[in-house]
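Both complexes below contain chain A, partnered by chain B and then by chain C.
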Partner chain A sequence: MEMFTVWWEYGFMRNAFFAILIITPLFALLGTMIVNNKMAFFSDALGHSALTGIAVGVVLGVSDTSLSMVIFAVIFALLLNKISRRSASSTDTIISVFSSCSIAVGLAILSKGGNFGKYSSLLVGDILSITGKEIFYLVLIFAATLCFWLLAFNKLNAISLNKTLAKSRGIRINLIENLFAVFLALIVMLSIKWVGILIINALLILPAASSRNIAENMREYHFFSVVFSMFSGMLGLIISYFTNVATGPMIVILASVIYFCTYFYGKKLD
Partner chain B sequence: MKRKYGFVAVMLSAILVVGLGLTALYTKQEKAGEERGLKVVTSFFPMYIIAENIIGDSSQVSLENLSEPQTGCLHDYQLTPADMKLLSEADVFVVNGGGIESFLADVAASYPGLQIVNACEGMELLCEEEEDDHGHAHGDEGNAHAWMSVSRYMQLVDTVAGGLASADEANAKLYLENAASYRQRLLPLEEELKELKESVEGKTVVSFHEAYAYVAEDLGLEVAYTLDLDEERQISAGEVADVLGVIEEGARVVIAEELYGKEMGDTILGETDAQVIYLDTLVRGSYEKDSYLNGMEKNIRLLREAFTQ
Partner chain C sequence: MRKIIKPCGLHCIKVKDLGVVIGGQVILKDINLHIHCGTLTAIIGKNGAGKSTLIKAMLNDISHTGEIEFKDRENGHMQKLRIGYVPQNLNIEKHTPVSVYDMIASYQSNCPVFVRKNRRLYEQIRESLCVFEAETLIDKQVCNLSGGELQRVLLSMAVMDEPNLLLLDEPVSGIDQNGMELFYKRIEYLKEHFDLAVILISHDLGYVKKYADHVVLLDERILAQGSAGEVYSSEAFRKTFAETEVQI
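And then the complex of A and B:
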């Protein structure tokens, strides 16, 4: 029983606990739509843009690089949406071009003078970076996302099923899609410092993908996704505390185990 | 339909049990052999070796090192949750000081009860040779690799012994005695260096790590060029040309670190006929009491060979 109480004494663990409590249901919700719309690559590119956001902040001399990171990610997401809507070539090519471009710029700026080491914790995540201020922002974004989800989920779902049909029903596709991208950008950016660029996408995708393996309707899809996400988040935090492993990767490992279990179970069902 | 929820419940509880079970096993192994008494934590390898020699075999004192042995130099090191845990249980924290532990201010603020022994306290450190334009964060206090000089290392030993003695008065005598006998064992190294100094004093060398400035100080060598190669440093073609230029002007010996300077060293060997020696910066190694003695002895041997050839 001691196992569940000792870590509670440390301020950074309490912060991490609250952050995970708030962020995992959000990841699960947004993840369902990302998986439905086949946007996994999009959210991946968004994660990578964090590097560029920080680089831009460093160049402009902003004291709080989180701010430049969030602003850049929002702009990046909107731009990506706009261009992929207009251009004739396929979306994954465009995302790939944008993503590599932004990584290259970020790496070029941050590695100037050879001190990229300072930022390498961004790649795997550092749980000590969660502060009270960040939790406050997370609560705000949690409330905003829930409102957005309640109001716009049906429209998002309609768009993901068939754009033309959605348009004929008077749904403003561009607005809804842009809003979704902005929310995604905000949530990814607020959690990237402790999850890490390399694996943040897995946290978005895995719970929803596992849930999709076994769910039969939208309600189940959401329910299982949230359950899986919160479960792997909490357990991952506790295990990583005791085994001294980085928290983000531990959570992703658990989420992957869940994915494979549901995958084989789902196959058996068919 | 119902079976699905059952499956999810079974799956999640299985993962929970297996995960927590393995973790419990893992932590149980860790905890074995833990004792109570004064708990001393050191910031990195050289400090650990100093503290190990001072504390000796005392069973009432437990000694642990903060970073893993592989971490090496602490620039840009970030504390992990395990480090925080360790520090929260510690009574004394032995650090090198001089800006190497960039996290020191945070630690002092978070654990006001923790006694911090600063080994470099009161010592005048060498300044960094060149303008630090690549943002390498050593703080403002210059070159803090003082343990690379044997005579300065002895001062570090004294400072740490004094710090530990005042923190733990019951064992103060033991600490000071151990420190004195450790100094005795370091004396031959100092003698060797003095002997070598007579023949090499005034010669110019090129150094690939600022830590070697202290070796140069011990031997009276002149460092013509310092190229600070470490963990994340990428060098530009211009700097390579500068180094080659300095070697052509007469620096016959290049002192480099094996881990980060090997490629550059090979380049030098290919382009010039200068000697390249790889000295240990003594920031990583086995946690044995004599690690420093052995490492330094090997360094001195390499230096002697390079200069006598």
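And then the complex of A and C:
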């Protein structure tokens, strides 16, 4: 028994636990729409833009690069939305162009003078470094996102099914889509330090994708997505403590295992 | 859509000088239409003639010039036009966890569909699905419906708000011969029992002749309009459909 409670003695583990308790359901909720709208690439590009945001902060001499990172990500998300709405060519290509361009700029600036080592922790993330103040920010964004989701999910779903039909029902498509992008940007940026650029998208996509394998309606879809996300988050943290493996990757490994299980289970149901 | 009123024939919808330009290219110009409640207007024309654009312009989905008026003919009062729309298709893939209830509730209400079913809304949706004998489909996944089933569901949703005008965009794709006949029967039932006008984009000239009250031949502008007989015997009609073998 002691083996299971010993990690609770450490303040950093408790903080990490609370952070995961807050972040994972958010990822699960937003993930449902990302997967339904085929926006996996969009959220991936958003994660990568963190590097550029920090680089911009460094160039401008901002003391708190987290701030420049968040602001840049919000602008980047709105810009991507606007361009993919306007352009006739495939969204995939446009997002890819913007994403690679922004990563390149970010890497170029941050690696100038051989200093990139300072920022490489951003790639993998470290959930154990989270502080109480940062958890407070997470609680705020959690409440805001939950409100947004309760008020706007129906509209997002309507837009996802057919834009013209949604518009004919008086839904303000651009506003809702932009709000969604902004929330996505905020959540990704607030959690990227602990989750890491390389795997943040996996946490957004995997729970919802697993849930989609077995769910038949929106209630099941959200329920399983949240359960899978929180389960792999909690278990991943505890296992990583005992095996001395980075927490983020451990969570993603568990989420992937769940995905494959639901995939085969869903196949059997068909 | 419970109450069943005989169409009064006193409401009319006027489309005045409607035009659409996209990227410097004229898609539609000088569109003038006069539509009465209780009638079925069919829009025909070759591919790329601007049929879908006309529907989208009427829905205000794309910017256009000209205006759309909705008037009570007796006192000339302007009213707000409620438009029901049945889209060509939905953006939905296999295994998408959206049930018929989820879809209709998303468009009809603000009660979040991911929390739990709203009993009252559920009943309301089931009732409106009854109009097209689709009430058993309410808990089915939208992506698993057949073409005919999906169409019945979309029609039920379109008439839920008691619209004055129903716009149907090529709804007959993916439906067999028997289903087509049924579809046109349903439209006929709608226009006869509810106080609404129907505009339908169609590719099937045979059914148009059989069911439409008014036919509009479109190619950038209106080439001919009138009864099916009048339009089908016009020079413009012969030119438009010269290559296609049409059995009328």
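Assume the second predicted complex is superposed on the first by the 269 of 270 C-alpha atoms of A that agree within 3 Å, B and C clash if a C-alpha of one lies under 4 Å from a C-alpha of the other, contacts with A are read in each partner's own complex, and residues count from 1 in each chain.
Here, a contact is a pair of C-beta atoms (placed from the backbone, for glycine too) under 8 Å apart; a residue touches a chain by one contact, two chains touch by 3 or more.
Because the structure is predicted, anything quoted here is derived from the model rather than measured.
After superposition onto chain A, the partners chain B and chain C occupy separate space and fit alongside each other. When the two complexes are overlaid on their common chain A, residue A:I239 makes contact with chain B while staying clear of chain C.
Once chain A of one complex is fitted onto chain A of the other, the partner contacts of A:L254 are limited to chain B, with no touch recorded for chain C.
In the superposition on chain A, contact of A:R86 is made with neither chain B nor chain C. In the superposition on chain A, no contact is made by A:K267 with either chain B or chain C. Between the Cα centres of chain B and chain C, as seen from that of chain A, there is an angle of 160°, stated in steps of 10. Between chain B and chain C the least C-alpha distance in the superposed model amounts to 13 Å. With the contact threshold set out at the top, residues 216 of chain A are in contact with chain B in one structure and with chain C in the other.
Residue ranges on chain C touching chain A, taken from their complex, read 56, 59-61, 83, 85, 87, 89-92, 95-99, 101-103, 105-107, 109-117, 139, 141-142. Chain A contributes residues 32, 36, 149-151, 153-155, 157-158, 160-169, 211-213, 215-222, 266 to its touches with chain C in the complex. Contact residues of chain A toward chain B in the complex are 3, 10, 12-13, 111, 113-118, 120-121, 126-128, 214, 216, 224, 227, 231, 235, 238-244, 254, 257-258, 261-262, 265, 269. Note for the complex: chain B touches chain A at residues 1, 4, 7-8, 11-12, 15-16, 19-20, 23-24, 26-27, 76, 78-82, 84-85, 88, 133-137, 231-235.
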